[in-house]
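Same chain, two partners: chain A is paired with chain B first, then with chain C.
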Partner chain A sequence: MQRAAAPYFLILPSFLLAAAIILWPLKEIVSLSLHDVNRFGMLRDFIGMEHFRVLFADPDFIAATWRTLVWTAAVVLGTLIVSVPIALILNEDFYGRGVARILIMLPWAISLTMTAVVWRWALNGESGMLNSALRGLGAINTNIQWLAQASTAFPMQVLIGILVSVPFTVTIFLGGLSSVPDDLYEAAATEGAGTWDQFRLITLPLLRPFINIAFVLNTIYVFNSFPIIWATTGGGPANSTDILVTYLYKVGFRLGKLGEAAAVSLIMFAILLAFTIIYVRLAMREAKT
Partner chain B sequence: MSRKLKLSILFWLFLSPIVVVILFPYAVMTITSLKSATEVLNPNWWLSELHWQNFPEMWRTSGIAEALANSLYVSTLTTTLTTLVSIPAAYALSRYQFTGRDAFRQFLLVSQMLSPIVLVIGLFRLVAGVGMIDSLNVLVVIYTAFNIAFCVWMLQSYFSTIPRDLEEAAWMEGANRWRTLIAVFLPLAVPAMVVTAIFTFINAWNEFVIALTMLRTEGTYTLPIRVFSLVAGRYTVDWHYVMAAAFVASVPVAILFAWLQRYLVRGLAIGAVK
Partner chain C sequence: MASKKCCLRAAGTRGLKMTIKQKLCFLAGAGLIAFSTSAFAESTVRVTIAEYSKGTGPYFEEAAKAFEAANPDTKIQIEVVPWDSLQQKLTTDISAGANADLSIIGTRWLLDYVKEGIVAPLDENITPEFRARFIDTFLTPSVMDGKVYGLPIAASARAMYYNKDIFAKAGIDTPPATWADFKIDAEKIKKLGAETYAFGLQGKEIETDVYFYYGMWSNGGEIVKDGKSGLDSQAAIDTAKLYKSFIDAGMTQPGVTSYSREDVQNLFKQGKVATVITAPFLSNQIKSEAPELKYGVAPIPAGPNGDKGTYGVTDSIVLFENSKNKEAAWKFLDFLFTTGQRTKFDKIEGFLPVNAEESKDPYFADNADLKVFTSLLPNARFAPVIPGWEDIAQTTSNAIQKIYLGQGEAEATLKEAAAKINETLK
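Coming up: the complex of A and B.
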């Protein structure tokens, strides 16, 4: 009897804590999204899907949703493409590998907010050191106002997003590469397989589960990523770099429309849940065949 | 030229563009933090003089000391609390079969997807409802809750790699379960605990959106909020002070991280697969 109860005692503290901090606010958000709410958060009449209807009629919301999808796809795919060769190199034995690893991992250790604030300064039109560096290299003749319009601000934010996602992804890939036994390569080499074939036939398939993990986790992180956009442009100018999280924050805390903000939260959760379920299904089907 | 040297040159050539882009903002940060007030708006890369006074001046005027203390407090407490509640849960998942085990794992997975930002409206109501806006302890509890899933997961997969035979041998010798846990199991699990603790610490140290929402008075600001507040919503920004503050906020963690990152790679490698 005592033995049977033991595991429940062991998981109880973590379960209670996580449930209180995660399930209670979730319940609260569901109820906010279905009620008329005043600025001070008082619930009034039940209004069903009205907040959702208002959202879908708001062009800013629709634009932010599409931009979130572009943002997530661009950052995640960019990160994966950059990270595979970096991990392959860092897995080899070469002079200065320790230093290279530390340099590549560096953005992970530094707060995203700090990195974003520094980029905001570096991208400044008149005093920014990116413009002066590019002019010094002869790449541009006139200063670019990087953060003044979405067409230059958003690609820069994607670039920053990729840079800060690479360390985590490379770390996962390095873990995967360290589990590939060396004799597989030796066997392949004696069979006459070239470097490219070895990569295509051995490394990539064995790396597959790690790419899957990195893909899912990065998608969740990037989809929810707030500081890069908030600290560089704040979603501006004129909401043109807003993604769903910054839109949510503005609607909730600047405009005080708590009901609509709660509805955005639920839509975001639904998108993530759908993504995860579809992806896990696909990954499992692939694993079977 | 040896093959290894040739390869090294080739690899560094390939890595150099990305290394340059990664280092670029931190170079900007360091250089700007040493510019004088008159030189700061001038985007030159070579300094006419190194203006070290920025650091003591920034320290006095920006409130960074207080923010540093707040961040240390929150991160240390979060790490301790997360470790304390995650180890038993991970132990239960790796050593017991029980009804609800899979349900608990699913719950952890879902809680990973519900990031703080998605729940921020509900969290704010929860915290405001109990009248604890501006409390650092509230941050500790929230950060802990959101770090539990990852830590339990990591610890659990590491625990599963520790062979049961060792514990069973100790039981044979007559040690009870509790004694075995303390003397045999936990010492073997130290590497995984260190990795998850570093993770949690860095997450708490760098967290932005919850702190931005819950901390309303300057005395309670953590480092990211403090530095952000030196920039946001101001007409004139003293960028040399901002960069000095960002430098002070980043360098200690970066050094700690550089020193510990090899363990991180090893720990994640084990944790990620299972």
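Coming up: the complex of A and C.
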């Protein structure tokens, strides 16, 4: 009996800490989302699901939800696809590898907001670096107004998102690659396996758990990522590049509708929770077989 | 606290025999007590300040020091916040009950604060002499239900800056008096080619809606009339079509929806747009960043019936109802609104004088740019006192962005937005 209780007793302190940090705010947000709230957070009448009803009737919210899914999928998958070859190259021993590694890691050292602000300048239509570079190369004749409409702004934001997610992902993969023993490749080579077969049959399966981790963590980060979109377009023009976080910020702090904002954050929480549970289930089932 | 405790314990265990170390400890403890008693007599006034420019923080620190020197029993604690995060900071501070005693807020938010009883009326402190310090136009926006809820810490209006070199090159002698004239001038400027655009049009972020109102007021429109949105009026529709015709003819910088107010001002400083409608602080920026630029300031063009309008804006400094140091806070307010302090501040920021005495200072009285701004004040419109101003601003901005982008036809888009605003106004 005592022995069975011991583990629970041992995790109690960290559970209490987590509860104070996570569960208490969660309770507060749930109560905000179910009440009429003034712009300074004072609760008034209980109104049940009214805030949720208003949200689901708002086309901007629905659009932002879909856009968030597209944004997350595009950035996460893009990052994984770009990061695998980069990690493979950086894992090879070549002259100047140290410099190459630093260059890839560099964006990580700069705050995300700073990166986004720099890109806002670079993408400026009249005096931006990107346009002047493209014009210098003769690729375009007239300036492209990158951030003026969603059709050019959003793809650029996805590219920036990928750029800043690569260092973290490559780091994870490099760690994974360093644990693959060299003799596996040597054995495969003597058996006549080509480079592609080695990658497909040795590297990829052994890298699998690391890809899983990178996938889950990136999804959570990117889904909640605020600075890139906020600093470049602020979710505009006309809400056409809003994702849920930027929508949440506008509703909460610009318009002062804290109840609705709380409802948005609960919906975001539910989406991420559902994603994580499904994914962990799948990963565990795979691990068992 | 901790050091006192250590003293007591040390004294208790060793009786009255004091070592040097103990003596030192005792002295430190005594000093601590002396310090804390003086801290009790002192009251601390916390002030939240919006950062208008890099001179804002230093100015208030200096003002606080000068005030403390004259009032040794009061300490002033200045907290500087960037404008963009001011709303967020105030919302979170107030909901946690951790707000400062005084804060700068946009006067257009004041109604929400007054309705919730968060800010205190200042009337009992305002003597007729104090009130007489102000230019009435700037004090009235902070008056609600006959009570003064804030003092205008910053005031500005809008006028049209124009690039004299570009105008001369295009053969234009005077700035346009009407929008029709402006269109003709724009044609001439367009012929200069070379990526010079006649009309710097803002289409992104804060005040995108206001940039649209300039034209709407000239056409005789109103933001709110008889409790209904004026966005579906003929004046608004005409203005949307007018601005769109500038965009379509290539007379504005391309991609207007990616240019915030600062971005358009930068284009003006670079000589890429011939005109921009903005606040007097651009003069200060040009002086330091583009001193070679030859520019003039003119009223915003008038409409076909001679209607004119400029946007008058004030920010207010308010006293919170839950402040425990109202008296000391008021004294600091009184100090901030003396002629000397106001003159210093408005010169640093390039704002309009709010103090009648201050406006006689030669810096303001003989300044050609500022003269234009002050001459426009009789026609200035201030943000209407309505709940949900930010909500309306966002709906309006979204609608006109759609029109600028060509994603919505002017009339239908504006009518839809007006219907939405009328819901908010109810």
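By our rule, the second predicted complex is superposed on the first by the 269 of 289 C-alpha atoms of A that agree within 3 Å, B and C clash if a C-alpha of one lies under 4 Å from a C-alpha of the other, contacts with A are read in each partner's own complex, and residues count from 1 in each chain.
To be clear about the criterion, a contact is a pair of C-beta atoms (placed from the backbone, for glycine too) under 8 Å apart; a residue touches a chain by one contact, two chains touch by 3 or more.
These numbers were taken from a predicted model, which means no experiment stands behind them.
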Chain A as common anchor, with chain B and chain C clashing or fitting: clash
Contact breadth on chain A, by residue count: chain C or chain B: B
First (chain B), second (chain C), both or neither touched by A:262: first
Which of chain B and chain C A:39 touches, first, second, both or neither: second
Chain B versus chain C as contact partner of A:205, first or second or both or neither: neither
Partner chain in contact with A:181 - chain B first, chain C second, else both or neither: neither
First (chain B), second (chain C), both or neither touched by A:26: first
Which superposed partner A:48 touches (first chain B, second chain C, both, neither): neither
Touching partner for A:254 - first (chain B), second (chain C), both, neither: second
Contacts of A:148 with chain B and chain C, given as first, second, both or neither: second
Which superposed partner A:194 touches (first chain B, second chain C, both, neither): neither
Chain B/chain C common contact set on chain A: 41, 124, 126-127, 234, 252-253, 258
Residue ranges of chain A touching chain C (in the complex, touch as defined): 38-42, 124-127, 142-143, 145-149, 153, 233-234, 236-239, 250, 252-256, 258
Touching residues (chain side chain C, partner chain A) in the complex: 87-88, 91-92, 94-96, 112, 116, 118, 195, 203-205, 253-259, 263, 266-267, 270, 272, 388, 390-391, 394, 397-399, 401-402, 404-405, 407
Residues of chain A that touch chain B when the two form their complex: 4, 6-11, 13-15, 17-22, 24-29, 32, 41, 82, 85-86, 89, 92-96, 100-115, 117-122, 124, 126-133, 136, 159, 163, 166, 171-172, 174-176, 178-179, 209-210, 213, 220-221, 224, 226-227, 230-231, 234, 245, 248-249, 252-253, 258, 261-262, 265, 268-269, 272-273, 276
Of chain B, residues touching chain A in the complex: 4-5, 7-8, 11-12, 14-15, 18-19, 21-26, 28-29, 31-32, 40-45, 84-86, 88-89, 91-93, 96, 98, 100-101, 104, 107-108, 110-115, 117-126, 128, 141-142, 144-146, 148-149, 152, 202, 205-206, 208-209, 213, 223-224, 227-228, 231-232, 239, 242-243, 246, 249-250, 253-254, 256-258, 261-262, 264-266, 268-270, 272-273
